[in-house]
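A, B, C, D, E and F are the chain letters, set down in written order, and residue numbers restart from 1 in every chain.
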Amino acid sequence: MFPNDKIKELVNSKIRVEMKGEDLILEGRLRAADDYMNILLEDTKEVEDEKEKRALGSVLLRGNNIIYMEKIA
Amino acid sequence: MFPNDKIKELVNSKIRVEMKGEDLILEGRLRAADDYMNILLEDTKEVEDEKEKRALGSVLLRGNNIIYMEKIA
Amino acid sequence: MFPNDKIKELVNSKIRVEMKGEDLILEGRLRAADDYMNILLEDTKEVEDEKEKRALGSVLLRGNNIIYMEKIA
Amino acid sequence: MFPNDKIKELVNSKIRVEMKGEDLILEGRLRAADDYMNILLEDTKEVEDEKEKRALGSVLLRGNNIIYMEKIA
Amino acid sequence: MFPNDKIKELVNSKIRVEMKGEDLILEGRLRAADDYMNILLEDTKEVEDEKEKRALGSVLLRGNNIIYMEKIA
Amino acid sequence: MFPNDKIKELVNSKIRVEMKGEDLILEGRLRAADDYMNILLEDTKEVEDEKEKRALGSVLLRGNNIIYMEKIA
């Protein structure tokens, strides 16, 4: 069932995720995801105006605070 | 049961979606949706003041962060 | 059980809904609702300072982002 | 089970409710409530700086957007 | 199971709670709590810059809008 | 199942958590967590611009208000 299938396809891809709060934009490699869109990103960086602002390591994102996610090249 | 029926009718239509966060407005073709209004949009663009601000590809939107969605011509 | 009963009474009435996000106020005719307060409004308009700001058609509103709804004359 | 018991005690009392969004403060008589704190208020008024700002009639409030509620005299 | 056990330990203690919305900070005695962190506080006061800003009586707080809670002396 | 496994691995580690609301950043030792990412942090401090702003003791964080969490050295 969607969206699980779609998210599973994205595992191991690089994705961009926009989060709620201060509208944080994160990019990283998607390593795992569950049915609530809780996700584990690796080699994560925070991006602002298309530039890297800050490097983070492995981060866990809470699904309900994801605005959108998209695959990046 | 509503709203699933209504959303299913919209699959393959172009829709506009207003999201929480920085009140992002996205337009794209609705390709899939689940019971939580998690949706997959294709050929997505971010819109500001009725103009395209940024092109996105295929994006997954988290249902709980959708303010509203409407069909566009 | 409340609030479903109350919302069902409102179907086909004109209602005003305040949404989260940019605190959008929408008015329209309530056509359908489910147990999560996800609703379908028709002939919807966005209202600001008691005046119509923008006309929308048929819109789907996500229940968790509704602050309140009330019947209007 | 709490908090249902507590809320049931408040039915027919006047309450003050602070909502999310623009941090709306509403006062009215509590007429009904469900397990999610979705509530029906009657003779509702919006309050700002302890004064009535606007009169609303009967309003339905979505429980997840309630910050707190308290009984008022 | 956590966090219910932890919260139960706090019943009858004075706690500080930061809420969403206007980032309200409340202090009071925890009288009851359920599995969703919906809580009942008594002798509640709103705190700003470590000073009492406003006294509230007995308030019901919606769990999903709690940022954090901590025991105070 | 993820993300529970991942979070369990983090128990007893020092973590950084960004919360919704005023975009609070907290650092502390993770002592317990449940399936909703509700967590118990000990020796918690609030961090601003990479410096300690305020010391908190043992705090309970509501999972739905977590933006992300990451392990720190």
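Things to note:
As a convention for this text, a contact is a pair of C-beta atoms (placed from the backbone, for glycine too) under 8 Å apart; a residue touches a chain by one contact, two chains touch by 3 or more.
Keep in mind the model is a prediction, meaning the values are calculated, not measured.
The chains that touch both chain D and chain E are none; no such chain exists.
Any chain that touches chain A and also touches chain E is listed here: F. To fit its Cα atoms onto chain F, chain A must turn through 60 degrees, a value rounded to the nearest 5.
Look at the contact of chain C with chain D and you find different residues on each copy: under half of the numbers used there are shared.
Each chain gets a centre from the mean of its Cα atoms; for chain A and chain C, those two points are 32 Å apart.
Chain F has its Cα centroid 37 Å from the Cα centroid of chain C. With each centre defined as the average position of its C-alpha atoms, the distance from chain E to chain F rounds to 18 Å. Within chain A, contacts with two or more other chains are made by residues 19-20, 64.
Taken as a contact graph, the chains are arranged in a single closed ring, with each chain touching exactly two others. All chains join into a single ring; listed from chain D onward through chain E, they run D, E, F, A, B, C.
Residues of chain C that touch chain D in their complex: 1-3, 6-7, 18-20, 23, 37, 63-64, 66-71.
Interface residues of chain B, counted against chain A in their complex, comprise 19-22, 24, 26, 32-34, 38-40, 56-62, 64-65.
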